[in-house]
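One structure, pasted below without further comment.
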């Protein structure tokens, strides 16, 4: 029996890529393949499912599958391995977005991209979670590629809500003013400062009581610091809620309690929160960058511009037009079906079979 | 999804309409949008130090100014007063020193900057391998005949979003065809006399070196690009940087047409002086195709130009059909097409 | 079609290169009658203080409608110390500091900016790049905003407020190719619609004999230097060099300075200082000279040099001044010097070679007529404006 073992720099349970890795393992095992996860770092709850990557002992017929999303020692290790390899690419944030904020992180990201590019010479195949990512793989010189969406178990979106948070949000709603939500790490590529600008325009033009909820911990302290000072400087400190890194329950409460999900990111390789919003029946307004149009596929208002007035007008439209809102929510539900675990697992299994057959032949 | 897509477009148009109305009504003060943009930049770090010479120079520049206003605040009672007194008493001395140190620092930074510029110039020259830069003055001001490509170029550039650059534009014949088709086209050519002619004929043309000009264009600023002439003569290093620049300066989805001379035909069709003095040699269409694809162009397609064959015999002559068919084959084998066009689109 | 010129000061009493250029262009456009023009400006006359002098409100100056607005502040007393510190390393300044610099420099006139935005003109043309009205106004008028930059290689242009100003302009108008090259070196604007327009010159005729009589030159051969007599304009260096020349080459040759005197030349029989002269005398003076000398290293265009060519005499310019050297190179109508030795050689040739003088003068004359006569300037400018309008309309249609 041959094997496909996964290698991942950070194996963390609450991370979308960590969850994907677990799903992939079960798909591979269902296919009758041996499959283990080798990691550089592992969160305590996943310890039983993981082994240090240096402990890998090769057997004939082994394939190695690398979960690539950042620069890592694991990639350097794989570059030196003779076994046939597959790269599952989740996109590495372009260093340019971090450059002036976190030069050290930017270097890491640049390294990460270089590593993925170097792996092109040893990898037999590149699996990308979006066509956007696939195009990047091709640009890096991957000759054989395919698109297999992220394996997402929607039931993980379905948490018990955190009562106090939901109560607080509904109290806010009773007092009037829309709740605009964004979920994602606070980082330059997610452009939270553009969300603040849009909030200011929206408050000025339509809804002086509107609020912005930013859910997610900070990836860049320098950016977070500038963002907070910007919020203070523009006089909207009381209207911007920095929720930080929150529990799954609190996260769910935000999705239930908000009125619209607004995403103005400059770079997203896939953007799971969009699916979470669809799952929770939240309409979406998003800036059409990177993989976002592909993930949305019409299930939201896509903007070609981030100009605050334009975003404000779009928010106003979505929040004031009940028919449009329900149409968007409905479109979201239909789009979500494309990502159902049944379908995505099947797609993934087919892609792996094809690669293995190719390798054998 | 298909049922919602068109109506969402409608919604988007309505949003645009709304934005226009809001702006016109003055509901959002015109200065606020700009202030918002600037306000955030204020809090952004100026740029981190690394091996970048420019950044290092900036840091030195910053350190060159010496401030004599010593902070006097203190948590201990009375100390602040004493500090202020000291500062006052020593001001004449400190100012004198500070002026000299600042002057020295500024002079040093100036010297460094001059040095940096000279280094940059040397690096640029080394990069070219050949020190000679083609400023067009050694080439006869003879405009190339691109007439057989006008139709293809106009078709490709029609509907381009943004300005279209033709480098090198020669006497502006292509520019005129593009302008007549409603394309916002302009051109550059290092040969001044040709540019003067293009301008006199109503074209928007400039006496610039194509590479230098492209370098001074905003990234993703161009709506379309036509390259001809220079592509055949530049050194290999500059041909490569031309492709990289084209990729960087074109907007996503913007068309590119490169008109090249086939290396096999180059000697035959190029004036001796121009051919001999050219720093480089033309590349095959397949090479351009490869370079363009690697640089991020999609849909790269090559079209071969006319073959100037052998003179055919009159159809009335005995066996004319057979002879002419063979003449055509022979012409094809002997000469092949003199020029080709490589069309591509900058990937989004 | 209408163009609105937005300038920090405007009026017949205003003497400044860029402001004067705007006034000349506006007046000739209106006189020609194809395009309408209006002017939006402050009440200031003096660029050192920006103090309100003119009455606010509408006015017609030489046929051009002018709208004047009060400034909220002129030049701040703290500007010079602040500027001195900031301009030691301009590229190091933060955007915030540079913004403050713009405000302190003055004229701080939000009303001018608002009027520019509200104007119904098809094109809004800002002069020059350096001041508040341009920096604040240009980004707000969108695709109809163009800039007559009047850019120099000076410290302020490296302040971080200016990249966005230059890259926002829907069109750029330059005085010279040198200015265009400078701007392209500093900002990524090569693809912007642009034109090297230069300045128009009204040719007049003056009688050389009358000028000689009026200024007491007699029948000596002379070189002339028309314009402000100012060390900054290179006049001090010129008279020193000229007196040295006269010691080595004694003779009747004189140097005539005609213009407002800021730095007074020494009393010397070979230096004639006339003070300001009227137009007829000026043209007569130039026409009767062996050549016109522009000693300034800081000219952005030099109208007087074009005038000298129109008056039919050769030009001599400072070799360190890109703009005037460019005129000489392109026209073949003048010589330049970068040292005393070169100046000596230039004067020797000019004085001793009548055929050379005639050749230089003819080439200069042809260049001036072909490029800077008003009908040529207006036709080229209108064509450029038409292009700006077409693009603005296209862009509006596309959104």
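We just call them A, B and C in the order they show up, numbering each chain from 1.
Simple rule for what comes next: contacts are C-beta pairs under 8 Å (C-beta built on N, C-alpha and C of every residue); 3 or more make two chains touch, one makes a residue touch a chain.
Worth saying up front: this structure is predicted, and the values here are computed from it rather than measured.
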- Could you work out which chain's C-alpha centre is the most distant one from the centre of chain C? A
- Per-chain CA centroid nearest to the all-protein CA mean: B
- Task: Just give me the whole-number Å value for how far the CA centre of chain A lies from that of chain C.
- Result: 57
- Query: Just curious, how far off is chain C from chain B if you go by their C-alpha centres, in Å?
  - Reply: 31
- Item | Euclidean distance of C-alpha centroids - chain A vs chain B, Å | 35
- Which chain B residues touch at least two other chains? 16, 42, 46
- For chain A, residues that touch 2 or more chains besides their own: none
- Multi-chain contact sites of chain C, meaning residues that touch two or more partners: none
- Message: Please output the residues of chain A touching chain B within their complex, sorted ascending.
- Response: 99-101, 103, 135, 139, 193, 196-197, 200-201, 204-205, 222, 225-227, 229-230, 233-234, 297-299, 301-303, 307-310, 312-314, 316-317, 324, 327, 331, 334-335
- Query: Considering the complex alone, what residue numbers of chain C touch chain B?
  - Reply: 85, 88-89, 91-92, 94-96, 99, 110, 113-114, 117, 136, 139-140, 167, 177, 184-185, 188-191, 193, 387, 391, 394, 398-399
- Query: chain C touches which residues of chain B in the complex?
  - Reply: 16, 30-31, 34, 38, 41-42, 46, 58, 61-62, 64-65, 102, 106, 109, 161-163, 165, 184, 186, 204, 207-208, 213-219, 221-222, 249
- Item | Of all residues in chain B, those that touch chain A in their complex | 1, 4-5, 7-8, 11-12, 14-16, 18-19, 22-23, 27-28, 32-33, 36-37, 39-40, 42-50, 296, 347
